[in-house]
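In the two complexes below, chain A is the common chain; its partner is chain B in one and chain C in the other.
Let's turn to the complex of A and B:
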């Protein structure tokens, strides 16, 4: 065995490696205060997770990647199960089954790839997708990436995990590390291992577009801050898959950039939510309110991250979304057939709408948690819990304002150079935004009218004058619209959950078989007889 | 070479001795039987290390009579492979029984039957004579019928009755087949039968005999649709015996004999190969689906054995060297992880008094060793890297794709998904979640039970080292070669006989 060819240290894996280190360090700092019991077990599994992640990104051998990748499923299972909690153990089981199943498909995809290209390396020669086998190989590998990153239809483990698992685990794995790895592998195979044909590209684009819009619609109606963030963690993956689905350098770079940004701001959001829950003891929106004056740093960092995820300039989320839009429009222009163009245009539209809805849902979160009347008294968290979120919020700003001089340089090295038509100059734009804010403050300072009384903003809801505005129900009306109501109620019944559906089918089959095994000896003997007759038929036909 | 008969004589003699002198002397029985099984294990390791660079077979003539009249004992790669597994698991199970069997009375009878079973299995694996094989097969089977009924409660007796009747149907098939074979070839020695068949070619007699053998040995190895006795019999037995039955009994009496007869005596052909693959895939799916629906730990594990044996049969059906290596490695891994899981279930029953999944939960903090070892076994059976089971499934699936059976490959993946689902069900309901009130005062099991579980869990974690190029030469490769060699088995044995 030659060990030299089994590893790869190219700019792409180094870039991801840096972020794995960053998140591991930040989460470890955070957990030092946050995790109170079973600390040793927790840290052992965190470290093993980090090591296995390094294994995934620095390996260039199919079997080696599968081994490290599969081990991550186990570590996720153990981390969700950190405490003896009924709900957490149920969701840990579901998570591990989904991840483990896709690991099986990953293995199958890799083996097919190996026998089609006769190479054990992912980057040696590119496989042209031109027949069923190569397409199956690609889709099976992509499925593992989807499950890990949380793209539809294999996303269903994320919202429940976000709600029930220990919070640092959520911030570490589903929010950041699993995204890094899942999208890393997707980028790797699109960039180095396969020439995507139209079908493969459009599979990715359609899945991405559906993910963006459906997950954000689910996020709108959530009442629990952690579950809401979980749905956003799914929705944002849609953007990454949209970008990568273009399979152009610009698209891939945009997807990769968005993934890095997402890991940063989603980790920040989850950790802030953890701070809030740690201080107030609840994560339900309707029990929270007015925390801005008690927890100013948490509030500011949460706001920065929320603006980033919603794609508000000049924060980092905007730059990467802007690149994704450009990647999609370039891709649309390169197509010749009109139906395909329309699909891409619709996907672009869903990405734009999704971005707006994200902002809307974060408006709800910010106002119900941090603004309004205080329902709980709290104090600011300790330094160890704040340091990680401060660093992450700063990164959100730096990667937004100085995108071209910092992170995009490394991404260009990793993916290759690309051109953008619509150039966004973040430094200049930020300067303009800052100047206008300063002018506004000056005007405010010298104007005579300091206050203006207006009606309470209710997110467009009709308000019962006797009641206090219920911010957490801002968008409850959309779930009243007849068509959407139907869909929401189906979603509540987990009809769209591929895991639950398959579970139902399998238990039907299992029950049929169980009924055949009735424990009566003559039945069993009859089967043996039937078996022997079958064998005679096979041998003597 | 003169040690070969010891593999059979020792356990049979021990069974005799224990039943004569062991009454009410539990300590003596414990020590004596552990020494015997350890010695058997050491002896098999001795054969592993002395014969690995010897490409032929070791032949011992019982009573000095040569072929074709006398009985020969033949040790080739496959026999040594099976012997090592059988005696290793027997040794582990024996250590476990030291504490566990205190729950039952009549420990001496247990050990006597246990030794009889080990002796029978060793005999099946080393004999070169097909009727002798049948005799040992019956010795082991009858011991197992009695052991399944060892609890002598309603459930155990019912299971044992079913098991006995179906087992006897299998034995009759085999006996009939042997009679036909003897009438056709005028010899009972497997090497001679093989050369006779090689001269006369395959005809309808051989086809008829093949059907009877597949049915007979299929019943023992629990291939669907001959599997129905297993989920009743394995759970009813005491946990160490369940571990023996699922871990090695179905393999040495079922799979080993199928391999020996169809690879080395009759010779594989594409028809049988297709049949094996089909039956293997069917067992994987049916066993997996049924395991998912169970609430009794041991029934779940019993159906899981049906499913995992399917992988071995699938690999043997494909028949390429890669597939055979995968199948044999899976056989080895399965004996380790399934024995361990049954021992775990025994430990759980020992501590809590129940094996109903719905009455358990949260045992992780109370029983850390049982929990950790069963996690290792569970990860190995579900094929999670880097545990041993991953590599054997990897080899089998790779062989499926390489030989062009993509569909069977996907079925194997589906089977793996079913496996992970039912094994996580087991894990979740026993070890994770909230501890039930009635289990507040339970304690971890005693030292001997712990030590054998830990030893087996190490095999579950590091079992894949057997694949490593240098190590494979000792153990896995000789076994694989003795199957890929196929009909040359007969020349090998004859040659070995006349060499000295």
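Let's turn to the complex of A and C:
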């Protein structure tokens, strides 16, 4: 047996490897202050997670990948359930069932892949999707990626994990590492293992488009900052899947770039939310406010990351989203059938609209946590809690403004060369904006010699602090629009949650079985007798 | 280098677009005045308005998040300047400057974004109401404009370069000369109306009920920055619409400018008519109008555009 063929060290896995190291180091620094009990257990599982992640990205053997992938599910379970409290263990169970079930899918997909190509390696030869078996194989592997990355319809473990698990765990696994790994495997199979046909491409594109819109609509009405971020972690996966679904070098590169960007800014957002929660003791938007004055660094880094995720130029989220739009418009150009063209155009619409909704929901968070009237007094977090977010916020700016000269070079190496079909010169544009701002500030300095601080102007009415408008109810109007109201109430009842639906079906089935187990001996004996009679009938008739 | 600086600063950059925008706003005021049987302001009114603001003192509310309060109007203006320069360079000099239509779409979000952040940082309850309205309205009009932009992209053979969109129109016919083009043009007009905060979509600044809402706490030079950026938007939004949908090819330069100014005045006139025959909408009605009437219309336009209609 040759062990050298079992591993792969190409630019793609090395690129992902670098980011796994980065996130592990940053989270370790952060957790040193944040995690107060069971530190040793925590760090052991974090390191094992990092190790298993390296296993996934550097192995090329189907069985090895499955083993490491399965181990990641276990470590996720142990980390979510770190403190053994009731809510966390319930959600850890749910996560483990979803991830475990899709591990089964992965195994099944790999089995079919091996059956069709008769190779144990993912990148040895490319399988053309031309019949049902190869399509099923692709979809089952993709399902495992979706569950890991948190794409609809297997997303339901993320929002609740985000709310109940220890915060560094959320920032480490669902927000960054699981995205890196899930999307890595998707990129790997799209790039090296399969030639996608139209059905496969459009399955990905439609799933991506639906994920973007639905998840962000859910995020819009959340009241808990961590749960809100969890929904955004789902919505952003939609963009990556959209890009990768095009299966062109530009689209895959865009998806990969967006995945890296997402890991950076989402990690930063979660850690900032952790800082806020650590200082104030709550993550409910209703109880927060006016923290900009007390926690300036947290505020600025949160704002940078929030602008990145909403795709405000010149930050990194904009560049990758812009590449995804290009990938889609380029892909649309290569199609000839009208219905398919319309689907791509509508996906482009949903991606652009989703980015607007993202911005809107982050405006809500920024304003209700950091602006407005202070409801709690707090002080800035300690250096160990701030260092990771500062580094991540800087990365947001660097990967945005200097995208072409830094990260895109490595992505080109990993994916192959591609041409941009649009135009965006981030350095020049940022310089112009910066110059304008500096000139503006100088003009302001010179023209406003007379500066006066005064009370808030309310037009003569008394200012009653108790009756202030609540910023977190910004979007109440939206959830009151008749059509959306219905959908929201269904979503609150978890009708769209596959896990909950399956649970309901299983309960119905087990209720039938429960009737049989009434604990009375004659009943069991009757069943045994019927069974034996059946066997006799089959074998001796 | 000198050329770029001239392009950026004078023509067709900052000074040109500010001047045209100020004249456009004046035209709008004049039209409105005539609708109401008034005389209306003289042509230099907007310039002296802005000038006066830079001579006044600045008042900062005591509880405001000061840095954000001061920088918001400046960032707002910086983004608007960049957009205006990009659009004007493309239209008048045929130069692709800094970015494509998606970049412009995203840059155009920055002014609204920092208007809202500036309002929120002032901690004024009325500004808060204005900001909440502006956010919701932004959701409404941006989506509608996105559909209109996608129609223009499809019409130009799926290119997102502004230069290609105008070039395709010159080669064949203007985008507006088709069913989907007309739909997209109408949607873009409503977008401009709402983006510029003109009645019936001026809930965010509603003077009569929340006293200018988002900008209530601003005064002096800071308000001046807001005014300038608004005046420049009066230039760049109609220009964006014209270059997306009604680019006409002409040989002579004089005719080119003449066509632009005619179209520009026409768009200002249409907006002013809409303004004067409608009352202010409630925010919920506006959302319903944009989402359940205009958005499906835009999707219909996308479908039509894919079939080449």
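We adopt the following convention: the second predicted complex is superposed on the first by the 496 of 541 C-alpha atoms of A that agree within 3 Å, B and C clash if a C-alpha of one lies under 4 Å from a C-alpha of the other, contacts with A are read in each partner's own complex, and residues count from 1 in each chain.
Just so we're on the same page, a contact is a pair of C-beta atoms (placed from the backbone, for glycine too) under 8 Å apart; a residue touches a chain by one contact, two chains touch by 3 or more.
All figures in this text were calculated on a predicted structure; none of them were measured in a lab.
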item	value
Contacts of A:281 with chain B and chain C, given as first, second, both or neither	neither
Partner chain in contact with A:507 - chain B first, chain C second, else both or neither	first
Touched partner set for A:536, first chain B, second chain C, both or neither	first
Touched partner set for A:325, first chain B, second chain C, both or neither	second
Touched partner set for A:292, first chain B, second chain C, both or neither	second
Partner chain(s) touched by A:371 [first = chain B, second = chain C, both, neither]	second
Interface residues, chain B side, partner chain A - complex	161-162, 165-166, 169, 173, 204, 207-208, 210-211, 214-215, 218-219, 225-226, 228-229, 231-232, 271, 275, 286, 289-290, 292-293, 362, 364-365, 379, 382-386, 390, 394, 397-398, 401-402, 406, 409-410, 413, 416-418, 420-421, 424-425, 427-428, 432-435, 469
Of chain A, residues touching chain C in the complex	292-293, 311-313, 318, 322, 325-326, 329-330, 332-333, 338, 341-342, 345-346, 348-349, 352-353, 356-357, 359-360, 363-364, 366-367, 370-373, 421-425, 428-429, 432-433, 436-437, 440-441, 443-444, 447-448, 450-459, 463, 468-469, 471, 474-475, 477-478, 480-481
For the chain C and chain A complex, residues of the former touching the latter	8, 54-63, 65, 68, 70-71, 73-75, 77-79, 81-82, 85, 96, 98-100, 102-103, 105-107, 109-110, 113, 116-117, 120-126, 128-129, 131-132, 135-136, 138-139, 142-143, 146-147, 150, 153-154, 157-161, 211, 216-217, 220-222, 224-225, 283-284, 287-288, 291, 299, 302-303, 305-307
List of chain A residues in touch with chain B within their complex	1, 63, 66-71, 73-74, 81, 84-86, 89-90, 92-93, 96-97, 100-101, 103-105, 107-108, 111-112, 114-115, 133, 136, 506-507, 509-511, 513-514, 517, 519, 521, 523-525, 527-528, 530-532, 534-536, 538-540
